[in-house]
Amino acid sequence: MCRWLAYSGSPILLKEALYGGTHSLVDQSLHSRLGAETTNGDGFGVGWYGAPDTPGVFRSTEPAWNDSNLRELAGHISSPLFFSHIRAAIGSAVQQTNCHPFRHHRWLFMHNGYINEFATIKRDLILAVDPSLYPNIQGQADTEVLFFLALTFGLEHDPAAAVEQAIGLVEAVAERHGVPRPFQGTVATTNGESIWAFRYSSERNSRTLYYTTDVPTLRKLHPERQQLQEWSDDARLIVSEPLADISGVWNEVPESSYGIIDTGGGELRPFRPTTPSTSVPVRA
Amino acid sequence: MCRWLAYSGSPILLKEALYGGTHSLVDQSLHSRLGAETTNGDGFGVGWYGAPDTPGVFRSTEPAWNDSNLRELAGHISSPLFFSHIRAAIGSAVQQTNCHPFRHHRWLFMHNGYINEFATIKRDLILAVDPSLYPNIQGQADTEVLFFLALTFGLEHDPAAAVEQAIGLVEAVAERHGVPRPFQGTVATTNGESIWAFRYSSERNSRTLYYTTDVPTLRKLHPERQQLQEWSDDARLIVSEPLADISGVWNEVPESSYGIIDTGGGELRPFRPTTPSTSVPVRA
Amino acid sequence: MCRWLAYSGSPILLKEALYGGTHSLVDQSLHSRLGAETTNGDGFGVGWYGAPDTPGVFRSTEPAWNDSNLRELAGHISSPLFFSHIRAAIGSAVQQTNCHPFRHHRWLFMHNGYINEFATIKRDLILAVDPSLYPNIQGQADTEVLFFLALTFGLEHDPAAAVEQAIGLVEAVAERHGVPRPFQGTVATTNGESIWAFRYSSERNSRTLYYTTDVPTLRKLHPERQQLQEWSDDARLIVSEPLADISGVWNEVPESSYGIIDTGGGELRPFRPTTPSTSVPVRA
Amino acid sequence: MCRWLAYSGSPILLKEALYGGTHSLVDQSLHSRLGAETTNGDGFGVGWYGAPDTPGVFRSTEPAWNDSNLRELAGHISSPLFFSHIRAAIGSAVQQTNCHPFRHHRWLFMHNGYINEFATIKRDLILAVDPSLYPNIQGQADTEVLFFLALTFGLEHDPAAAVEQAIGLVEAVAERHGVPRPFQGTVATTNGESIWAFRYSSERNSRTLYYTTDVPTLRKLHPERQQLQEWSDDARLIVSEPLADISGVWNEVPESSYGIIDTGGGELRPFRPTTPSTSVPVRA
């Protein structure tokens, strides 16, 4: 049910993160070669920051493993901060507008997981989206609605609080409709400077999420790895599944918590969904 | 801005209607070969009735003119009633879920035209869709919303009244938002037995719509045309643009009117949008 | 590395064979749900016989498991003889012209397996294709070249002998270039009346191939299965992998042999590649 | 049938050349908006040079006008030298491997035009391709074969002489088969440092080809145009069709001639196809 990766640090070619490692993200799209649990062949997406104000987004409905354009772009685009996502569709159509990451101005958003019985509660969730934002919804994926709820609740001003309210609303609406275990997954969002990564599920049994140890420590652990010499001290990868089996590299984000990655380092905090205070949300 | 075709009569291969004529529907997708006014290269769709209860629907985002699968299917599928549509996108994404015809159970629906400033009034229109139908909306096209409004207002029971209310609601909501000339176009819908075809625009300057003269008359006019001998007496084509220049074949549907085609023949009636009587629509 | 299915018998909807069974062909395209060994997500194809002289062919580069058009067509097209193939690309591009089945006039051809080190021997194989047939090659797949070699060696007149010569040539050319284990796989071809199915590999360790027990026997074994009552006595499925675990249904085609299925029943014979007698092949 | 554009100069975003101008290359893909003669909706391609050794290539079968990925990439990728091509297919399939530009190591190659009756002479042309290059041919387009012939005749060492021999061979083989007017079109090739652009047809009535006046002169002619201040003195566009109507900008490449564009400026020379001296070509 999807896999994703987020990178922040000195500019690197996308291919280093997408195709690198013995268990790279693109390999994870075709699990038969690696024995992972699922095939993620229902499209993919990449969002990256460069010189322009808004990030670029390249999305396709083809499986990542056989997309020659992805391979080309990943070999030619460098970026100091990028998201990549491979999709296993559950319910909504395989089309570019349902592929992650989603974008709004400078913000990107992606998700590994689902809103349970989305069809049952979708209308109520859509109604809670700020009417001025509503026309920007382009697809039918549950995650895009979650993104627009978070935007409605102030993602651009306080991302963690906005995601807590968005998921809180999902849980409140689900309860009203008798839908169990409403939210599952890991979510990442960024404004091009910091990355917020969340791990949460209503049942407290969430999909995995990992972040890399700081680079200076990794250099000491693995002095023989040339790649680590080239990465900046503040480089970080956040992934739904480790890209390679290397000791000391991957740290699990704890259940019901979120992390913030920026040039000043990273920190972990508890994540607690909250019911939005007003029925008609107000954007700052 | 789209072209479409509807056929009813004895079963014929789809290719007779889609690829036949000096100015066939597929040729109309690539206007440079014919000097028509627009290119309709943003996908296409075919809906046909056969043995199963619900019609088949084949939709693609490729231009019709270069789609080899369309050519194959049109050469192998026979049907007594089918719709075909070629798309020139205005605003919404080029994806299968935005391609016409749209389907709900036994019903098909397609449209050549647009809802003006759809983004402005979309939310209000969506709210008027029956909540039990809402989860079945799969794309973002204005026409799909119009279809679900018509279903909400009883399309399956009184198609003409339902379309009059759906377009009436569009006009009422548009007026509230100050949107001029809200609706433009020709619409066709069918339950597999009869076809309802509408020509209407808020400004009373609607896209063209034609239907064919009855076959017995055509046989007398053109005794040399073998194809006419093979068609049944009750066969009819309804098209947004004539498929060939043959005298006596094409009759224009008048402005602000609609026709019903079934095995008992056809008839034309005036079309008058009406404001739905209740703010919360009730399905029969 | 690909899976395929061939059906012959009374006309059935394609979906009965493609989507039926606990381990249907379409399920096999996404193995993660079933624990099979490979993902076959690099496109698919269907070829079926109907009223027209030549069979219809529908091919797509999307994974079969998420293709809504395949589901539509399979639910509306009935045929007394059809092929279906799901692809795991090895080397050649994921594009429609590389998808099986391949067609030439009334003939269809498909393959699960490969020509080893195809790039090394491709030019010599292409040179052996009858120059009058050569312009009809549309893609770059090894199987399409094998098909055109078989056509060159008289497929339309003596299919088994032609395939024996085509594979014999592959083995002879490979030996000249020092390519080991040149051919691997199972092949099916048909003229719309009979089906020839081959199991062979140069190393005598071939991909699996199964055919169904005759329907009267199956009815006695499984009187409770309604579907068997509806199939004709002469109905047969030939598959690279069983579609369900039902006792007594599936019979393995032995190593290095081929079977012919037609309305008169089926028979198995040994398969022995032979070197074509002339360097310049002569078509009958 | 096809349009293309080549840029050399200081690095610019691809979108400046692809989407800029009142008659941009992407607009030319959908001619109905501009009154040009053809629709070029059968795919497109972009090839660009950046930090890596080999140029990046992004190709798609969708019409350029509705491809959101092209718009994203063009807005985020800067390059000092790039090619872009929009395709109107004549004969060969609409698939990525038939889209221009074609690439071999550091070289790109694209073409607006055709080899006449390609199916008739294709086999002989393929046989003349160096056997060591042959396995690299990935599609079925006439232009790709022309590219590999030019590579066979030493494109990487003397591009003009190699293209003269490649087209000379096409004309010689065509004459042997009685094919009239064998070659038509404009061709561009580059190694990432210089661009060679050819205009030639066997009948001496070739497709148009234009190059821009040097930038210092343009700045004097149009001091009000800000964009010209930002371009480097040596910037050049070569196009099959002018991108805008601005006086003094576009210069026609004369019939049967070719130009070389590099940082040292440009120069025009006569183009004369020559028959390759050996039947078995020798690569340097």
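By written order: A, B, C and D. Residues from 1 in each chain.
Throughout what follows, contacts are C-beta pairs under 8 Å (C-beta built on N, C-alpha and C of every residue); 3 or more make two chains touch, one makes a residue touch a chain.
If you're wondering where the values come from, they're calculated on a predicted model, not measured in any experiment.
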- request: Since chain A and chain C are copies that touch, just let me know if over half of their interface numbering is common to both, same, or not, different.
  value: same
Query: Whole-Å distance, chain A centre to chain D centre, using C-alpha means?
result: 40
Task: Please set out, as single numbers or ranges, the residues of chain C touching at least two other chains.
output: 68, 93, 96
Query: Connecting every touching chain pair, does the picture come out as line, ring, star, complete or other?
result: complete
Task: Quick one: which bits of chain B touch chain D in the complex? Just the residue numbers, please.
output: 30-32, 37-39, 41-42, 61-63, 65-66, 68, 89, 93-94
Task: Show which residues of chain C lie in contact with chain B when the two form their complex.
output: 48, 50-52, 56-60, 68-69, 72-73, 75-78, 96
- prompt: If you look only at chain A, which of its residues touch chain B in the complex?
  reply: 93, 95-97, 119-120, 122-123, 126-127, 131, 134-135, 137-140
